[in-house]
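So that we are looking at the same thing, I have put the structure below in structure tokens.
Note that the chains take the letters A, B, C and D in the order they are written out, and that residue 1 is the start of every chain.
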Amino acid sequence: MTANGSGSLSALMLNCTLHPSPADSSTEVLGQQVLDALAEHGVSGSQVRVVDHDVRPGVELDMGEGDEWPAIRQRIVESDILVLATPTWMGQHSSVAQRVFERLDAELSETDDEGRLLTFGKVAVVVVVGNEDGAHHISAVAFQCLNDVGFTIPANGVTYWNGEAMHTVDYKDLEETPKETASATATLAGNAAHLARVLRRDGYPAV
Amino acid sequence: MTANGSGSLSALMLNCTLHPSPADSSTEVLGQQVLDALAEHGVSGSQVRVVDHDVRPGVELDMGEGDEWPAIRQRIVESDILVLATPTWMGQHSSVAQRVFERLDAELSETDDEGRLLTFGKVAVVVVVGNEDGAHHISAVAFQCLNDVGFTIPANGVTYWNGEAMHTVDYKDLEETPKETASATATLAGNAAHLARVLRRDGYPAV
Amino acid sequence: MTANGSGSLSALMLNCTLHPSPADSSTEVLGQQVLDALAEHGVSGSQVRVVDHDVRPGVELDMGEGDEWPAIRQRIVESDILVLATPTWMGQHSSVAQRVFERLDAELSETDDEGRLLTFGKVAVVVVVGNEDGAHHISAVAFQCLNDVGFTIPANGVTYWNGEAMHTVDYKDLEETPKETASATATLAGNAAHLARVLRRDGYPAV
Amino acid sequence: MTANGSGSLSALMLNCTLHPSPADSSTEVLGQQVLDALAEHGVSGSQVRVVDHDVRPGVELDMGEGDEWPAIRQRIVESDILVLATPTWMGQHSSVAQRVFERLDAELSETDDEGRLLTFGKVAVVVVVGNEDGAHHISAVAFQCLNDVGFTIPANGVTYWNGEAMHTVDYKDLEETPKETASATATLAGNAAHLARVLRRDGYPAV
């Protein structure tokens, strides 16, 4: 699961919104801002709206005929940076994000000749949006799940926006990007690109 | 969403395993033990394996044609006690359980003539199983989600089993039910039945 | 740990702010609003600012000379409703609140002649304030800890306020109480008073 | 808060047990195993049992006369790797660990000439022990708190041990180190040492 050893870095954003395309998605708005910020550091980006695909329940690499996870996984394999973007529902990451974590569980059995998980050398960052609170908790859960399966978390590896308690405004409907969120996005992008670059050059040792 | 005012109490267990029927399910084993314990207190029980149904992503009561949540919701409406049973994956409740919480979010808009959520008067309890740790965290999340949408949590409202760190034994394969889990199940059942009974007789006041 | 069987109900609010008296405390402001709302339902209230007392680290009922937890515990014993009020730091409940949970752990060994925890029959509710997000996660943790040691959680058993992401406004400095928080406080109070009343009359069965 | 740019790497383990010295501490046992494993990678180690010191409640760098946090902080400043070791109480990190996170909150205001937090360039790893479940949740919370204040989390940045559900065995009383935990400790140490080394040579860019 290592990206190619030369050339420019690439990032894949998994948008874990509950809304199938072509509906608007606040999660996509902030996720795209992260991809744009990464581009300023020479990282090419692309995205998948996971709910548009039939990702089967289970914890195997491939859950059989019709399962669309293997194709998404292949794109993770080919990327240096994973941007896990999720909305906040009931204060939690979405069921779509949890499905992604469950499917990534299979990576715990995938190692290279040196005994290293195939995700070693890849960097993960987290994006959280929501009308209401949840970003700290959700980034905690995401960091743990992604780190458990082998991703490295750069300093300040999350950007987020939550509205005031019990309010209903959506991030996509804000008149402008809050400067605090923009600042967090910029820091995250610089750190993620840097860390992915040094890990590509100096990978983790054999286990 | 109130159950009938007289007659015996009923409980619905939602099994949030990732495995579709007819696969064995550790979650079902402990969930059924809870239903059996509730039966000793005069509570009739039934269950739904949620993954066998097409529960669409979203936060509306009905996500449209083909959505099987409305039928499951109707069974919740007709029950006095909800038993939310989930496996542990990546230390979290399953994506199927999170899907249930997301769909229950719609209950926040459903009130009776007195301004009370339709879930007021219903009791919720939690069942967690897993090879590895997670029960405390998962019961926390479940209590919060279920309480936010109006369920009452009886004293000691969870029963669970997790194996030792990084072990792989399944609850369904244990030679016998651990006495600690059996004890927690018995206490939960007695308390849930009692609380559902007193809340049926003395419902919460108007909001 | 059962309150007296007759007379009016009483509530104890544990303010788990990090700021010793006489500093202002946002947590106290919302906690007092809960006590005021409970008073409208005939519940008398009092409070303890825990950080003003030397609550020793440990998980015993009494950690020895100088430990001020036993006196606080006695006030919990004499109350029908526990109001656990905490600020949000790093997205988590405060170290003072965690200290309270650790000391309550000792209740798991305290049972009456019927095998019931002494907290059975008591109701717990949660108050969370913070500049930034955390309320859902913190109420989850608090519900779990309080329920594990025997408290019952009434429907909608939390009231809270968090500001917008990465903002720094304090609840105590808001010009007026947000109507959403006021509404949550009112519902919580009505439900907690009702549930404490019915549990006093109809306690949980023997274990 | 950057360690010196040359010479060998150093690690500081903060033992967040509730038990003051000289009591035995399971957290220390596993924390020391991490320091020993780091030593095999050329990292010198030392530790602080935080509960032995008067770390005042608050979120400032220095809470005034008698506050022993500034001296502990100085040792963090001089280290390349922070090993945050905590027991599991009520399924949560200890109140002592939460106190550490609260005091680290002050780092959000401390930046160098390039606008970088002083923790940028430092690596953090997590150690969790407990009779009962909690390690996944606790490592999630710790990763989030430590990453928010600027630490980088290496791949597989946690080692842990929890016993089976509702059991009471302590890690310090196990006859031998479980091989799964030993394996996690070894991987963590190799990855943390490597990442600290590359970040010392190639620090994050200016913000």
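Definition applied: contacts are C-beta pairs under 8 Å (C-beta built on N, C-alpha and C of every residue); 3 or more make two chains touch, one makes a residue touch a chain.
Please read all numbers here as calculations on a predicted model, not as lab measurements.
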- Message: Contact counts by the stated rule: is the higher one at A-D or B-D?
- Response: A-D
- Most remote chain, CA-based centroid, reference being chain B: D
- Message: Taking the mean of the CA coordinates per chain, how far is chain A from chain B in Å?
- Response: 30
- Note on the structure: Expressed in whole Å, how far the mean CA point of chain A lies from that of chain D is 25
- Roughly how many whole angstrom separate the Cα centroids of chain B and chain D? 37
- Residues of chain A whose C-beta touches two or more other chains: 90-92, 136-137, 140-141, 144, 148
- Note on the structure: Listed in rising order, chain B residues that touch chain D in their complex are 90-92, 132-137, 140, 160-167, 178, 180-181, 184
- Item | Complex contact set, residues of chain D against chain A | 117, 119-121, 136-137, 139-141, 143-144, 147-148, 150-158, 186-187, 190-191, 194-195, 198-199, 202, 204-205, 207
- Message: Can you tell me which positions in chain B touch chain A when the two form their complex?
- Response: 18-20, 51, 57-59, 89-96, 98-99, 101-102, 104-105, 141, 144-145, 148
